[in-house]
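Pasting in a structure now, in structure tokens, and then I'll have a few things to ask.
Note that the chains take the letters A, B, C and D in the order they are written out, and that residue 1 is the start of every chain.
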Amino acid sequence: MASNSFGKLLTVTTFGESHGAAIGCVIDGCPPGIAITAEEFAHDLQRRATGKSRHTSQRHEADEVEILSGVYEGRTTGTPIALLIRNTDARSKDYDKIVEQFRPGHADYTYWQKYGIRDPRGGGRSSARETTMRVAAAVIAKKWLAEKHGIRVRAHVAQIGEIRPRSFDASVVEDNAFFWPDAAQVPELESFMDALRKSGDSVGARIDVVADNVPPGWGEPIYGKLDGELAAAMMSINAVKGVEIGAGFASITQKGSEHRDELGRDGFRSNHAGGILGGISSGQAITCSVAFKPTSSLRLPGHTVDVEGREVEVVTTGRHDPCVGLRAAPICEAMMALVLMDQALRHRAQCGDVGEVSPRIPGAVQ
Amino acid sequence: MASNSFGKLLTVTTFGESHGAAIGCVIDGCPPGIAITAEEFAHDLQRRATGKSRHTSQRHEADEVEILSGVYEGRTTGTPIALLIRNTDARSKDYDKIVEQFRPGHADYTYWQKYGIRDPRGGGRSSARETTMRVAAAVIAKKWLAEKHGIRVRAHVAQIGEIRPRSFDASVVEDNAFFWPDAAQVPELESFMDALRKSGDSVGARIDVVADNVPPGWGEPIYGKLDGELAAAMMSINAVKGVEIGAGFASITQKGSEHRDELGRDGFRSNHAGGILGGISSGQAITCSVAFKPTSSLRLPGHTVDVEGREVEVVTTGRHDPCVGLRAAPICEAMMALVLMDQALRHRAQCGDVGEVSPRIPGAVQ
Amino acid sequence: MASNSFGKLLTVTTFGESHGAAIGCVIDGCPPGIAITAEEFAHDLQRRATGKSRHTSQRHEADEVEILSGVYEGRTTGTPIALLIRNTDARSKDYDKIVEQFRPGHADYTYWQKYGIRDPRGGGRSSARETTMRVAAAVIAKKWLAEKHGIRVRAHVAQIGEIRPRSFDASVVEDNAFFWPDAAQVPELESFMDALRKSGDSVGARIDVVADNVPPGWGEPIYGKLDGELAAAMMSINAVKGVEIGAGFASITQKGSEHRDELGRDGFRSNHAGGILGGISSGQAITCSVAFKPTSSLRLPGHTVDVEGREVEVVTTGRHDPCVGLRAAPICEAMMALVLMDQALRHRAQCGDVGEVSPRIPGAVQ
Amino acid sequence: MASNSFGKLLTVTTFGESHGAAIGCVIDGCPPGIAITAEEFAHDLQRRATGKSRHTSQRHEADEVEILSGVYEGRTTGTPIALLIRNTDARSKDYDKIVEQFRPGHADYTYWQKYGIRDPRGGGRSSARETTMRVAAAVIAKKWLAEKHGIRVRAHVAQIGEIRPRSFDASVVEDNAFFWPDAAQVPELESFMDALRKSGDSVGARIDVVADNVPPGWGEPIYGKLDGELAAAMMSINAVKGVEIGAGFASITQKGSEHRDELGRDGFRSNHAGGILGGISSGQAITCSVAFKPTSSLRLPGHTVDVEGREVEVVTTGRHDPCVGLRAAPICEAMMALVLMDQALRHRAQCGDVGEVSPRIPGAVQ
């Protein structure tokens, strides 16, 4: 399978550069009969968009989705669904210097080394603009998961630099610019981000993603494990440097008697496993935590080399996010949803005859 | 691609259950002409084996590799290489209870829910015995990477429970039972593990893996990123709950001005990226850190249910590792090596005409 | 890999319906640095187009290609190349009846049975309009094969109904509306086709495809054989019912002493193998012959059922080709070129170290 | 996917050389719960075996299957099923000359050119011995298709050289050494084959394969078409040079009014399509015809070159089939069964919600 494609049975192929004519995707293998309209993409694209607050890049893209194929009279037909978004606010002149210089911490140097040629405008293919199409594609996956299985996939920001939520209230996450679960902390975050932006520096973030109501049995051992594919999916997002399932790195210091999630007829008594055992869902909530590095595009000067190998000082003047993690919640949700739907189809393929197996333990504890 | 296969061009397919007749693998897509003998598998298999010290499971397997195909007069021919290891020390009677009960923290329940049938002997397919074949397959990958590119892949244990190395000396890692880089701490670890084993409990561990001399340009954006595939590879190992590339979760609290690895003609000035930018190797060392959960098979009783849905108390009496991470160093190396060789072949396929690109920055800092 | 994608390393994903907004494709895995402009697609698309003569469907499509991504300053960058063609001459009202009736010999009934929903306008996804994008994608493949390896892929019509060429002159193939290698027969074909069109009936055709200068060694045993993939590629074209490599079905009556292509230092003495032995190219010309069935869309009434299961008489009134094979030469060339380039990249991946092997026998005889 | 693997969801990976230690396969993605024993492989392996009559190669292999994994208490568990057959009657000394010489019509030269190294013993990997494992793997597929869908896959020899069946009686096919459907012709075939064998020459054959009771809806447009995958599957069998679906090459001279299979409430009125329209099964019998070339291993001397490039005369003295097609019926059945089961699982994955669609037309005519 080509490297710009994702998923085994529900396959999403994305294309497009940050400042090219358009970005788009082809969704193949989608079940027929799902109702979908171009308008339904707007909500999640808006959640991911830049320019909504002063805390993100000031690029303003309409992100209007055109459905080119695969939908007839408002329903998917089982043939490939092509989605297209024209780029409208690409200001390539901001990037004149990048043509000549390799920004530290960016893919500039590695694309150059790999291909011997690169599109430097806005980072070209390595830009996070590509993730727009993941979010778009996942709108269909989320809808199918919700309608067919009652699954809800939600993400929130769980850390910005040193700041962590002091409380958790899922209902406020969508009401602030930070996807933050503690409304009381929002003013503090505003101040922090304002100061950060003025300093010209950036900071990292953590995103937590949870999927509820995933039935037991999804996931394929050994190399198609649900957690393995989630790890790949999250790590494929720009700026991600770490992925945890369930207790994650905290498992290292746990004792086995603490970590193992005991179970009874009422359900599991804890969820350190993050809802996955042996690569297969247990019926508990699937939980995943993702580390985003700080943006490398800074107004602060940095040392680098240019395409002639000369040492130079670089300053990035384009529009950038001081904390890329802030817009990453819908992207992490998208990757979780795409992985789950793909695994759901694969499970149905191999085990469609198995039916519901007893005993079925409720996935009580998140 | 089937889920018991790994890799796109260098494809390893494994088979076998813990207490079945045999375990084995088929390595497809291997370049021809690589010298290999059955004896060369012994070293790494021995490093991974149980029963070498009192700190691991007491199962004693000869792990003798038979090369069934793909090698002629001591050289690979380009056709599939099948490797076979007969199981010789399987004591299935130890697992009588497991037939009826779902061990907490194990794949017992999830395999049952997925397939409606499972081989309970020694954990069946979900046993870490499967990783033997990953290590075997990677012997060929390591050899090719070393001979063709001068690449060395090494792993060590970087944390056991709360204990971390106080110093780092690569030369002592292979001289103790813990793959530990600080020889002075070995007695402390001996005591810790003895006490743990006697308590009937278990603990987690962290493994650090490093590959040196990887040339720039390996890795395929977007969904075939080198870090994405490493994440999937590591997360596919039994008991893994977290994966970091480079600075990993520490990136969250870093400032961009600290995290971005500046570069000069002499090389990069730091390696927070872990040698990967935009999913493509930069020429620096590839660094990866992996979290292993504590073993769930404990002599300490735990709450669970049986196949009839009754609540029962479970005690696991088989032979188990009090810290699975202790034997994981060669497994992590294996997965890193397999990912790298696969990406090397893929890079050659697409970019074989590109040749060496200027400027080439030395990957000075690990 | 998804079913609307083709090729393992050079992967082409197509999308679009006959009367939808647009058709398009994404070409992934293409080597960087290939010079390409939107204008270069025109020639082959024109060769494949309808409406050029009275002997094909009278649909007139501009077939203007927009390059959406993957090309920067006139060269491929190694990132996915998306091509888009808007549909401009779709007259769906011609197909009103098809909504209700299953045309015999068409995919109407099978799409309906598979998906429970179908886009009936112009045959939707099952229309040969999809092959436009194969031809477009192959323009890049043909260019790479020619520039890098001197390979030329050519096809001609080798049979229309009972009529076969009486002589072979490659230089006249592109000069007549029938891709016919015997200029003297063209008037006869004109009369035949005029009479056929007036009768409301249709007829089948044979296309021969040849690739010259393919080096020995391309093709992967066992299930990735060059001939196996050519067979799949050709059979995936609309209306194809048979594929032969080399002597094809004539091999059945041949003796081994006749069929086996003897070789000497000057080259092979015959080419019954069609340039492929054991699934691997021998250095001789790759030859393939493809059978196209007669179009099933006829003005002559036929028996069928409607969506309610009632028996009805169907007459197809849309614009159709009385002999689809007539426009199939560039499509067959396209599939041959895509298979060859994909195999070339795969060969380089696995056997890039092998270099040129002695003795190299010239592929003298076509 | 690796090239020694076949199938997308039901994936069969084969390994082994003709005169190596063993041949084997790994079947991945198989549904759980299928009853299977080692004994069940014997019947089809025996049908394919050499040495049963004087008309095939005199190599005598026990072909005893050992199930290494994936089956527990007589049922498949959903984990990979590894099958192993030890080679017992390999006489490599017969092939001394082949080490130095390239047999015309064989893969000797192409393997050498591709890999720069080859296992010459008995043809190594390019030997038809590999097909043993296809037949073994398909035993499970045939059982599943029969039990779950009532599908029966049968093949017979439909032509040997110039000889074609004068009548068709399915019930006699298994009663003669030629898989021949006309018992009265068997003496004629005996004489023909005896004369052929004595002459030292060989001849080609045609195999017809039919699958009954395939439900409508299997097959994935565009590049995963059922007929496209059948073509690839058949062409991947050693010595195959042509594949037809339904009317095949005869479609060329058919009129559309003849070829299109009209349909009524009682069913289709003909089956020129071979049960496939638009790449999707129609509910009629799937019919396929396959051309096998004459064996190239002859006692009759032939011209060739040796590894030093010298022109030499070659005589093949090993044990060979004067007509390889004679044992190909079970192999063709195997490939048809594997394709069908794989497509069945894929159809269930994408369209598992669609259910039975009206109107369902009986597939009356074969």
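Note that in this section contacts are C-beta pairs under 8 Å (C-beta built on N, C-alpha and C of every residue); 3 or more make two chains touch, one makes a residue touch a chain.
No experiment lies behind these values; they were computed from the predicted model shown.
Chemist: Determine whether subunit C and subunit D, two copies of the same sequence, contact each other through the same residue numbers or different ones, counting it as same when over half of the numbers at the interface appear on both sides.
Modeler: Subunit C vs subunit D: same; shared/all numbers exceeds half.
Chemist: Name the chain whose C-alpha centroid is farthest from the C-alpha centroid of subunit D.
Modeler: The chain lying farthest from subunit D is A.
Chemist: Across the interfaces A-D and A-B, which one involves more C-beta pairs in contact?
Modeler: When the contacts at A-D and A-B are counted, A-B has more.
Chemist: Taking each chain's centre as the mean of its CA atoms, how far is subunit A from subunit C in angstrom?
Modeler: It comes to 39 Å between the two C-alpha centres.
Chemist: Subunit A to subunit B: how many Å between their CA centres?
Modeler: Result: the chain centres lie 26 Å from each other.
Chemist: Nearest whole angstrom, what separates the Cα centre of subunit A from the Cα centre of subunit D?
Modeler: 45
Chemist: Indicate the residues of subunit D shared as contacts by at least two other chains.
Modeler: Where subunit D meets two or more other chains at a single residue, that happens at 1-5, 9, 14, 29, 32-33, 78-79, 114-116, 125, 221, 346, 351, 354.
Chemist: Spell out the part of subunit A that touches subunit D in their complex, as residue ranges.
Modeler: 9, 29-33, 78-79, 148, 221, 345-346, 348-354
Chemist: State the interface residues of subunit B toward subunit A in the complex, per the touch definition above.
Modeler: Checking each residue of subunit B against subunit A gives 1-6, 8, 14, 102-107, 109-116, 125-126, 130, 159, 161-162, 201-206, 216-225, 227-236, 238, 240-249, 251-265, 269, 272-274, 276-283, 291-298, 300, 302-305, 307-311, 325, 346-347, 351, 354-355, 357-361.
Chemist: Give every residue of subunit A touching subunit C within the complex, in rising order.
Modeler: Touch residues, subunit A against subunit C: 1-5, 9, 11, 13-17, 20-24, 26, 28-29, 32-33, 66-70, 72, 75, 77-82, 84, 114-119, 124-125.
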